[in-house]
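Below is one structure. I have some questions about it.
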């Protein structure tokens, strides 16, 4: 709480010094207003340094001071629009697709952090991450992103080859991706580069094979226990 | 005292029939068997009561003796018998990694601790096995033996849950000895004796002479004592050492069969001992609530047992009603609430006694 | 001198433990009673739901969804049929919608009852748990009246229902609601305002807003953190937009917003809101309408994919269905709310005492069938 | 107990003692609170107010050491199978197992494609009573419990077995 207050004060002081005293006066909280004004006076006198502008606008600050950023579109499915924006920001990273965004895996981490931070998109919630065996020697990882603030969602697809399935991990951007990626690794064997704790999550550590690949063969025994049902005698 | 009485009685009855030493042993064994019988019957009764009371609180019927074959009798009255019997004939597991001697010692130690506590409890004017002049002190001291047994059980099981249970019980029981002791000191101040019988005779003459109604400080002392008693017997809301949803079964996690039965029974015996002390110290002991009414020796046993059973019932009632405290809240309650109030109580009662003369 | 630290002990809570709500293993590092790190291990109930979906037809998936979250089977069915109907562009008639909403809300009450009861059990209060189960039995009676099953219903089908509601169901439901409403107050009195329970759960395991969103926590857990987010309001499916109800949000009455007590209390408030919805749905239910009216002969959705979310008692349940035009799903992914709720365990649970960790776990209301699938 | 098991010639006293022992065992089958999946909810319901398994003497215990009956309530997976076996081994003799639900009896709905599901708990531990159903109703579980009681009552724990 105090942290966000300090950030707010720093922001107000900067605005005030730049001549925008209305923003300071418009502040609801008397304490913050008083502190900000006092600091402006101090900076003016030279007894205090100008506070550094808070860098990453955290969600807490953006609530207190709503910026004039309208959501991208009224339509909840903003795939086409977002795709153009991604292509603008990171040229050559998208592939043509219908109603989803198909990306090359190389720049996924940068794109993901941009999607998370960009004010007009603000995808703060990773709804679902899954892997699919799409055949043709390819595996695909799909991300359903959702913005709690603007209430819109997109779907992102990243295809990788079956022989070396490597995709940058986004678990540091959305914390839930940690477990989602572990599950996809567990089920399809897609390796997420940069994941800090990539282990099997559901199956035991010594399990063989990737069950959700279409060519999966059950193992015969696990620690001496027969895995497939022996059908003799009861069918 | 009672042993002497029995000895003299037997000596008069069978003069010179047995040798003096043999007679003495017989005189000692008789109360022992009586006590043992009492504990067994009490154990069956109170376990049945626990099952039934909890069931009625929870909107069900509890053991009804329904089942296959010769079932547990009408209303499931034989249920505790079956429970006990089947426990005694179960396999006795001593884990390979356990500390064997201590593991075996713990259940007996706790049972002995409870068992010898009863001998100082008066059931009537002459019905007491040993009327020591430091009776109340003796019971408190013997009761603390339980702590050692619980720590032994927790440690020797070589199980993390058991260890947690043992450590928690050590911290808890030792702490709650203090408020319990402080509230008994108030009683001793009034009765100016440590003997159980003298404390009871101080309260003779009806319900208004009971110590709990003696002065305004006494109800507080009683409440503190009772809550500390709950903690000392490991009952909810202080059942941290064997909290089922946290520590699986606490210090008894590794115990099976007869050893477990000893722990199980000793908890209930402990409840009875503590309730009997509370009844003696605050509720007039074996005295009838009305002066000169039903005050014969037989009735005095009835009054004592019914008073103690009422408190045991309240303990069961509380157990099935409230959630459990956390370990730091438990300590907070003891050291920061009960002990200051207890000390204040002693101060208050001392002044009261002085003023009253 | 600094603080003297003891050696850390690794403690495995589970897979068999009375407080893990099934077969979960929490590996905790403890220093005395203080827990410094929690690592959940699951998969002890991994029943290969997604593999099964790739091997059975679309209709046959429904019983498997039942078994995922066995405490709210109706809601799981509901989510699946909503997704399928969106994919296949099926409209069901009014009566079906009303029955579905009624069932889903009854199921929400049953699930929340069990959750609040088990939360009390985790804190050592045994009796409220049995009282909650007693009332839950009456809801199960209603379900049994309708479809013959107590726990796993297979009741909602794509394009309709397996059976119409029987005669007397509406009256029985009204009767149940009249019986039940005072019982909620009773449950609230014995649990929510109990001094010991408040001490044990207020200010414990606080989950701030941004943590909750980043971990994808949804449902009552998210609402307890002060985020007004309920798919029934924010992205209405079925006919939820027609009903009047509030979305209870954690207010930190006894402590901080987003603590265990809030998570627990939001559920009690939601029970009351569900009662409201059921009353409205029963009142406005059309008398006629065949529940099999728009049931397709064969389920063969067009090629394509859909991600659809519904609000179950535990939060946003997402189904991602990838269809290749055959009667068997190509890939079906369930995004389970309890999975995300459990992932936050280390973040909010570390640093508390051992007893608190189990209280926090209880307040998250997880179902292992749905986490492991 | 292990010392006395099946060590005695058949005579009147031994028979009476046998009856007493098997009566006490069948009358108080303490069951192990151990639910793995859906059936655990029905097991809870069976122990709760309406069905109340305590009527026939079944009391839940949470430590395997003190339990007599293990109710395997629900699907057992490969990962869990090893633990189930270990838990069974931790129980004290005499011990009994009830396989509750189709998953525990045969793998249930998961028998065909469930690569991670144990196809019947009897592969790892011996089962005394199978209770069918998916999930079995609480009444079925109680019926299974009564069947187990019947079975226990016929036992002769002390008498020497004819070979």
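We just call them A, B, C and D in the order they show up, numbering each chain from 1.
FYI, a contact is a pair of C-beta atoms (placed from the backbone, for glycine too) under 8 Å apart; a residue touches a chain by one contact, two chains touch by 3 or more.
This one's a predicted model, so the numbers in the text were calculated from it and none came from an experiment.
J.: Using the contact definition stated above, find the chains touching both subunit A and subunit D.
T.: Of all the chains present, those in contact with both subunit A and subunit D are C.
J.: Could you work out how many touching-chain steps separate subunit C from subunit D at minimum?
T.: 1
J.: Work out the mean Cα position per chain and let me know which chain is farthest from subunit D.
T.: A
J.: Which chain has its Cα centroid closest to the overall Cα centroid?
T.: Per-chain C-alpha centroids ranked by distance to the global centroid put C first.
J.: Looking at chain pairs B-D and A-C, which one is connected by more C-beta pairs in contact?
T.: B-D
J.: Centroid of subunit B to centroid of subunit D, CA atoms only: how many Å?
T.: 35
J.: Roughly how many whole angstrom separate the Cα centroids of subunit A and subunit B?
T.: 61
J.: Approximately how many whole Å separate the CA-defined centres of subunit A and subunit C?
T.: 25
J.: Would you kindly tell me how far, in whole Å, the mean C-alpha position of subunit C lies from that of subunit B?
T.: Centres of subunit B and subunit C (C-alpha means) sit 45 Å apart.
J.: Residues of subunit A that touch two or more other chains: which are they?
T.: 202-204, 211
J.: Going by the touch rule set out above, which residues of subunit D reach two or more other chains?
T.: Residues 48-50, 62, 79, 112, 115-116 of subunit D touch two or more partner chains.
J.: Would you mind listing the residues of subunit C that make contact with two or more other chains?
T.: Correct list: 17-18, 43, 46, 48, 51, 130-131, 134.
J.: Write out all the pairs of touching chains, ordered by chain label.
T.: A-C, A-D, B-C, B-D, C-D
J.: Quick check on the complex: what are the subunit C residues that touch subunit B?
T.: Listed in rising order, the residues are 9, 11, 17-19, 33, 120-127, 130-131, 134, 194, 196-197, 199-200, 353-356, 358.
J.: Of all residues in subunit C, which touch subunit A in the complex?
T.: 42-43, 46, 48, 50-51, 54, 209-211, 213-216, 227, 229, 234-235, 307, 309, 316, 318, 320, 322, 330-331, 333, 335, 339-340, 343-344, 347, 372-373
J.: Please give the residue numbers of subunit D that touch subunit A in the complex, ascending.
T.: Residues in contact with subunit A: 78-79, 81-82, 106-107, 111-112, 115-116, 118-119, 123-124.
J.: Within their complex, state which residues of subunit B touch subunit C.
T.: Residues 54, 57-60, 160, 164, 236-237, 239-240, 243-246, 248, 320-329.
J.: Taking the touch rule as given, give the residues of subunit A at its contact with subunit D in the complex, in rising order.
T.: These residues of subunit A touch subunit D: 202-204, 207, 211, 216, 218-219, 222-223, 225-230, 234.
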